[in-house]
Every structure is written in C-alpha cells, then in structure tokens.
Amino acid sequence: MSDFLQLVFQGLGIGAIYALVSLGFVLLIRAASVVNFGQGEFSMLGAYLLVVFFNILGINYFFGIGLSVIIMAGFGLIFAYATYWPLRFRGGLPVIISTIGASIFLQNMVLWIYGPSTVPIDGLFDSDGFQIGEVFISSQYLAIIVIAAALVLLQYVIFEKTLLGKKLQATSQDKEMASLLGIPVVIMIMITFAYSAALGGLAGILVAPILFVSVGMAGIITLKAFAANIIGGYGSIPGAILGGLALGIAETLGANYISVPYKDAFAFLMLLAFLMVRPQGLFGEKISEKA
Amino acid sequence: MTVLSGQGLHGPGANPWRGLPQAVLAIVVVVIGARFAPAQGYYLNILMQAATYAIGVLGLVIVLGYCGQISIAQAAFFGIGAYAVALGTVDFHINFFVALFIGVALSGLCGLILGLGTLRLGGHYLGMITISFQQILTLVLTNWIEFTHGPDGVRNVARPMLFGFSFDDGNTYLALILAAAVMVTLFVWRLKASRLGRAMQAVRDNELAASTSGINVYGTKVVAFGISAVLGAIGGGLFAGGFRYISPDQFSFGESIVLLTMALLGGVTSPFGALVGTVSLVLLPEWLRFLKQVYLAVYGASVILIMVFLPDGLWGFVDNRMRRRVKPVTGDVPPLPLLAQSGEATEEPVLVVEELAKHFGGLKAVDGVSLTVRRGTVHALIGPNGSGKTTFINVVTGLYEATGGKITFVGRDITTLAPHNRNRAGLARTYQNIRVFRGMTVLENVMIGAERQGNDVAHDPQAVVARALAALDFVEMRGDAHRLVGDLSYGHQRYVEIARALASSPHTLLLDEPAAGLNLTEKVELGNLLKRLKGHGLTIMIIDHDMNLVEQVADHITVLNFGKRIADGKPQDVLSHPDVIAAYLGEPRKHEAA
Amino acid sequence: MKLLEIKGLTASYGAGPVLKGLDISVDEGEIVTLLGSNGAGKSTTLRSLSGLVPNVSGEILYRGQSIKGLKPEAIVRLGISHVPEGRRIFPGLTVRENIILGASNRKGVARRVLEGEVDEMLAFFADLKRLEHALGWTLSGGQLQMVAVARGLMAQPKLLLLDEPSLGLAPLIVQQVFRIVESIRSRGTTVLLVEQNAHMALSVADRGYVLETGTLLVSGKPEALWNNPQVRAAYLGGGGAHR
C-alpha cells in the first residue's frame, strides 16, 4: 500500500509538470488559436537560462529564476513576431508548421552552443524532502504541485473573471471585430505569447533538478502535455490539469506494475482510447457547427 | 489554408486515357536514365531517398492537400512498409514483393482503423490520433527487440528478383523506384480531376455542403487517409530495399514532420508540388552541410521563412503564374433537362413531414411540425428568427438527427437516412450562409452536383460536364466557369450554389434565404428564376423573410413560431392570419407604401 | 455642422479599386443611408471609415480632422463605432460579455460603472435580458443584431456605422430594428446606415446616397431618390409601388 501511495505522489508530481506545460498550451489555444509545437523549447530555454545565471555566473538562485522568467517573457514576443505574426490570417496549419520550424531551430541552436551533454542543477530547497508515514514527499515535486495549482487558479481567474481575460478571448475569436471595439489586438497577442513563454520557462526551471538540463529535455514532455490537454478537453483549463495529473499517475503506475520500457506508451494509449471513446475529453464540450 | 486547384480539368470531350502515352514515355525515359546514369554512392543514395520519400509525401497530398485532413504519422506508415520488407526478407526469407504487399496491407489496415475511429469527428482529431499512433509505433519498434531487432535496426535488407531478373545493382534498383515514383505521381495527378478527387476537395472546402451534395463525407475521408497510408508504406518498403539498413529513428515523429514540411513546402494541393518539395528538402540539408553544426538550425529557420514567404508552396508560386492562361469554355451545350416529369402542379405529395421534432437539450427548436409539399409547387416556410425554420431544413436534409417524427420523400421513409443518401434520393438544398467549395472552380463546383450518384448523367464524364455547363447557362454564369469560386462576389456565389443544386436534377429544391443580401432589382430577378424553375416541374421549398418575393412565388405557406406550426395554407389566407401578423409580419407602416 | 466629410475616397483590397473617388458628407444628428447593389462599395466605405481597409486615398475628415490611416482601435476611441455586416458577435462569450466589451474604447471607466451601463442596455433591448448569460453562437439572427447594436452603443459613439442591420431578419424584427435606429438618433447619435432594404432605410433616413461600382450615382432626400427613374430601375425593383 505504501508503495502504491508513493507511486501516486510521484505520479502527481510528474502530472503537475504536464499540467504546467499544458497550461501554456491552453493559453495560446484559447487566446490566440495557436497550437504551439515550440512550447517545449520554452521550457528548455528557461532551464538553460538558469544554468547560465546560477551555474555559470553564480547569481543568486531565486534571483536567477526571476531573471530567466522575465527574459523568457521577452523571448515570447520575439517568438510571436517570427512565427505567428506573419501568418496570423492564414489559418491554423501554417502557424503549426512554423512553430515546428522554430522548435527545430531552437533545439539546434542550443545544441550548437552547449553540446549534447546533460547539465545537473540545484533544486529549490536544500532538503530533498520529508517522510509522512511510509511515503517520502520530495520537496521539489511538492513545490511543483503547489506552484502549478497556484498558476491554474490565477489563469482561471484571469480568463473567467476579468475584462482582460474576456478581451483575450475576444481577440482569439475574431481579431478584426476586437479591433473595431477598441481592443488593442497587438497588445493582447503580445501578452499571450509573453505569458505563455514565461510559464513554459518556469516549468522548465522547476523540472530541471529532476530531469537535468538537456536539449531534448522537453520534447517528450511537450507531447505528453499535448496529450494531457486532449484528455482533459481541448482548450479547457481544468481539463489540462486533470488530464495532466491523470496521465502522470497512469504512467507512473503503468511503468511500475506493467512495463518500464513502454512507460511512454501509456500516455499515448490513453490518448488513443480517449479519442476513440470520448473525443471531447473530460471537460470538453461538443460544439456542433451551425448549419 | 490556402488552396489551389485546376490541373487536369476536363473540358468537354475529355478522354480518360489522355496523357497515357506521355506517361509511358516519362517512365521509359526515367528508367533508362536511371539504369545507365553514372550515379554512384552518394548521389545514388540522394536519388533513392528523394524518390521513396516522394511517394510518402504524395500520400500526404491526397489526405491533406485534396481532402484537408491533417495526418502527422506519415513516417509511421513509411516505417510499417520498411519494416515489413526488412523483417520479411531478412528474418522470414519471403519474396520482396510479397513482403512489400504485406506491409502495404498492414499499413492500409492501420489507416482504416484509425480513420474509422476518428474521421467521423471533424477538426484536428485525426492529427491528434496520428501523433499518438506515431509515438506508439516508435516505442514498439525500439522496445520489441525479439521481433524488430530494437534500436540496432535491421541490416542486409534484400533487393527484389522479378521473373529471374535481379534488381540487386544500385542503378537497376533506382530505376525501379523511380518508375514507381512516376506512376504514383501520375496516379495522384489523375485522381485530382476524377470524381473521387473532386469529392475529396469538396469535403476539404465544406463538409456540410459536400454531404448535402451527395458525397459520403466520412467514407471519402477514410478512403483518402487509407490511400495515404498505403502510399506511405510503398515508399517505406522501397526505401528499405534501397538503403538495405533501417532503424527506428528513421521513422520517428521528427521524420513525420519532415514529410509534412516537404508537402507544404512544395505546395500540398499538387503532386508536382510534392515532388518539388521533397527534392528541395532532401537537397537542402545536403547544401547546408558546409554550415556544420548549425545546419539543422538553419533548416528550422528556413521552414519558417518558407511558410511566411511562399504561402502556396514552391509549386503554388509557379502555378499561380500559369493559371492566368485558362481559356473560357465555348461551344454549344444542350439546354438543361431538369426533370423528366411534366411541369404541372399536381396534388401528389412529394415531401411529407409528420410531427417532426428536434430538441437541443431543453430547447425545442422544432416541436411537432407537420407539413406536405406537393409536386410542382413552391412551398414557403416563414416565421420569426429562431423559430426553427433552418433547423427544420437541417433535419429534413439529414444534417441533424430528428428527435421524433417521420419524413417521407417521394413515398420513401428518409427519417434516418444519411444526408448524402437523401441528396441521392433527389433532395437538393442551398444554405443561408452560402456554402460553396471555395478552392475549386465554378465548373468543378457544379460538376459535384451533376455527378451525384443516381443522377442520369453521373456515369458519363462528358455528360457531367455538359450538364454542369447547362446549369451554369441557366443561371447565366458560364463565362465564369473556370474562375475560382472564392474570387466571386457574394451574389454570384449564391448562383453557383443554386446551379450546383440544379445540375443534380433534384426532385425537390430547398432554398434557405436565397434573397438575403440582394437588392430589390436582384430580388425580382431571383423571383423570375424561381418561376422558371417551377415551370420546369421542380418542387421548391423556400425560406425567406422578403414577403414580396414570397407572395410573388409561393403556392402554399407554412408559418413557424417557437418551433411550432402556427399557420398553413394559401398565401392570401396565411398572410392575413392575425397570429401571423402578430408574431411575424407586424403592421405595415405608411412610409413603406411610398 | 459637418460631422463627417469624405472627399475623393478611393479604396482597394489589392485587386482593382473598390471605391473610385467617392464624396459623402454627414451632418451631426442625421441619419444618412448608403444604397446600391452587391459590390457597389457600400460596406467598403464603412470599412474605410473605421480603418479596416489598408489602401485608401482621398480625404476622410471627422469633426474637421483627418482620420485616414489611423488604426481601428484609434478611430473607435474618437467616437466612431462600427456595427459590421454579419453582426460578428463573439461566439464563445455570453451576451453580457459581448456587450461590455463594446466599451473597450473607453479608458479608465470602472468595471462597476460599465456593468451598470450593460444593465441599462439589457433593459433597453428588452428581449436580451433573459439571454444575458447565453453564449453568442446560440442566438438567433434578430437577437444577434440586437446584441451587435447594444455592443456598438456601449462605445458611446458620436457616429454609428450600421452595416445591413436588417439582413436575414423577419419583417417584425426589421421594423423593430428601424425603430431602434430612430431612437438612437434621438439619443443624439448620428447614424450612417448601409442597407439593401431601401424601403425601410429611406423611411427613416434624412438623406441617401446611391452607389454604383464604387462611384456616386445620385444623392438626395428620400423622396427625390424614390422618384428618380434611374434609381428605381436599378435598385428599387423598378415598376410600381410595393407594400
């Protein structure tokens, strides 16, 4: 039983990572109708920035995190300008392909600069964790769960309770009409990308002590975050969270009780099952096209 | 997505074997060239890679370019073909072609299962499910070591023997795969101007309109995806024989993206675009190799630049410039034989709707409506906005499932029939918000109507064109036959939509607000058009808010309010009915009588 | 006083010009209508005024100042509100949310004040009250038009640009829409109205302009337009009077 609880906690921690990355996805989908395949590279870049500030330059860890997140926000603007802005009137697919191009570009630039080796980095706390009964609570995982929960709440409040959130949604649904109402469309899109990149960077920084920093660190996480997003319900914030957590727990248990090599397959099998049986996901709504 | 179309458009007198001699010639030239060209080592590999990839990319042209469905697993299907050939020849010692066939069949089967599972839903579901499939396949190839040899891959893949002739030599094998690539290219090119190809493009441009034009949308999508999986496996099988060594990383998610990028770079709606895109992206990394470590980064950046600056791909760029030289269609076309029966209005009921209901959750959009439309009459359906008129038409044409009630059309119960089958039974419609196939020409749009299954001309390609042109004559739009519908004005698109319906020789035509957005003079013209149609024996049901038009053309009026029928009868009786005035007409104001 | 003056307006979307040297003026407190067939350039005129057409030349003066080349966000801040063709209600937002976003051009107004104004709008358009929390995509054509007008009025415009408000609406609702147009004017807002329904448009308008392929065919008082044989033949259905 204690083994099981331990696995569930670990699964929750991993799930929280998926949820965190997934949040950035959802934001771009809801506020800019963009499916961003470069989301994982935001995480990778964020982690490398912290490596530069903390490991190399020796800046204070938490100050380094702050700097990295701010730089990532700025980077989000550049990303938007290069991959999204020129293609904004051309529908979903060209933007998807261009974010894929950006992802290839960023991975290989970092590879060129840092090489293929993985870099270890310190966690948020000096202590590794503590024991509750027979379950060991890792402090980094706990922090991820708490921060993910806080960010979810923040994002939910912004989208559902504030005028800013409504303006972001309006921009996503009809840019021209939004501009006719006086909504500064460019600023809305900039906010979206900056926040999404900052969020991605923070996710990367939080998982870096667990996975170590490498060029490929975020590739599979991004795909799974995407899967979490579908399982939870495409574009739904609570869905992204539950989908992420469910995925994390399922694959941790699956790896332990069924097969380690196929650990990564559980996420995608779950996704296949959902797409076949309940394609709208846990929280998605079936929207039928008005004829 | 931007779309192109127009190659290989049938003119009147099209010959299905047109281009065959040239095709044979092309294959012969390619084969001889490949067999005796001094391509060695490095160049041989590049050519083999380009030719086998091209076959896979051509599959994407069909599923994405023609049919508009996103597949991100082409490398997986490519891998299934490759592994079938590799494991078949190395471990099981079976004939190359038998192994290839097994791979193709397996891949087609996987495509079918995935397609059947998700293509009923619209949107990006296929894209998502293919990503999962891709990942799972990669994991299986890597981890099922006893069967797949795991990450080490499979070595010494055999090249084929055919009737005692060996393809073992590099140049000979190259000739084989180039010939295959040419044949697949021609197949994909011919497909575009075929009935199936037009159906795919119609599905891409507008699923709802395709379904009510007699196209089995779900079936067409599954077929497109299935063909694309088959082509992927053919490319992969030939690839395995060419390189004689394969490993799981050659068929990963990243490679699927490469194949997708090739298709988009070249121009996804044309097979020639696929070739151009494949060759460019096979060569681009080779050209960039002098950049050493950064070459992949430059490659990534190039992908973005291509998306930004070449929206229709490399081929689209060329094609857009050639398109200007399309000749208008000339020559005599027989008048449109709309219907066989006489133009007399009779008492015979054509469309009988009994107690029809459609509920959306708690909302009763249509609540027990009955009406009878009689042959050769114009039946108007009017009522306030949101009273259920369009929902009623959507249920009658099968876009929505009825919650209750019965629909009988020409004596046949069609209540549970799929939309395309209702159309095939002779029920055609137009839409309130015009639904045309924007990426296709005016003529192609109308041909879709003419070739609906069950139409008298459907099996004769020449007659389909003639019927389409006759329908365009009827709405006086033949001069625009070769223009893209998306380039036309709103009013003209409406006429194309009507012509598409007319070309299918329907028994009954349902028109949803045809007069919306027309000025008074145009409305008078529309009224005359409807009268001419009635004169030809067509039965018409019309929804419109313009009472002048309705009074001018209607023989019978039904009024809905809150989903219920509140009046039904002759125009003069219905329009003076106090309930109708209160709910719908209001009191005419003095000014209007000016 | 001239609220809006357009001189020699030319506009194009890349292909050929859609407007070719158009002159239009609107006085404060007027209802002015633009008539003409599809493709005559009526909607393009409105889109040029609100900054949606990138290639315009000529002069657009609003209260004597040029607004040519300004972005849509800037123009609506000056008090020109555009209710476009097709209503363009945000499908995923509720009626209430759609309406409150109409005030996005007004800076520094407290959310509480805006919510109060939305309540007034919901009271004014009585049918909307019960739909307050319905999502945009669930509404019928008439409801969409009411929300679109309410949203346009939240900008507190001096000049309201209304594009085909009667399109696809039942006769009773059309009458209601035109009553609302008149009441908007009585609140002190000037209206520039594009319409296919010439009967109704001319019954509420002070003056009308008839456009043909991007140029001005004729302009004048409603009665003058009614009696112009050229206009009757081309746009008013020719022949005798209708109901």
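By written order: A, B and C. Residues from 1 in each chain.
Methods note: contacts are C-beta pairs under 8 Å (C-beta built on N, C-alpha and C of every residue); 3 or more make two chains touch, one makes a residue touch a chain.
The structure presented is a predicted model; accordingly, all values stated were derived computationally and were not measured.
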Task = For the pairs A-C and A-B, output the one whose chains share more C-beta pairs in contact.
result = A-B
Ask   = Counting only C-alpha atoms to place each centre, which chain is farthest from chain A?
value = C
Key: Distance from the mean Cα position of chain B to that of chain A, given in whole angstrom   = 35
Task = Using mean C-alpha positions as chain centres, tell me how far chain A is from chain C in Å, no decimals.
result = 43
Ask   = For chain A, which residues are shared contacts with two or more other chains?
value = none
Key: chain B contact footprint on chain C (complex, rising order)   = 35-39, 139-143, 164, 167-175, 196, 198-200, 202-203, 226, 233-238, 241-243
Chain B residues within the chain C interface of the complex = 382-387, 432, 489-491, 513, 516-524, 545, 547-548, 583-586, 588-589, 591-594
In the complex, chain A residues that touch chain B = 35, 82-83, 86-87, 90-94, 97-98, 100-109, 111-112, 223, 226-227, 230, 261-262, 264-265, 268-269, 271-272, 275-276, 279, 289, 291
Request  = Quick one: which bits of chain C touch chain A in the complex? Just the residue numbers, please.
outcome  = 50-52, 71-73, 76-77, 81-82, 84, 88, 90-93, 97, 100-102, 104-106, 111, 137, 151, 155
Query = Mind pulling up the chain B residues that touch chain A in the complex?
reply = 1-2, 70, 117-118, 121-122, 124-125, 128-129, 131-133, 135-136, 139-140, 142-143, 208, 253, 257, 260-261, 264, 293-294, 296-297, 299-304, 307-308, 311, 390, 394, 399-400, 431
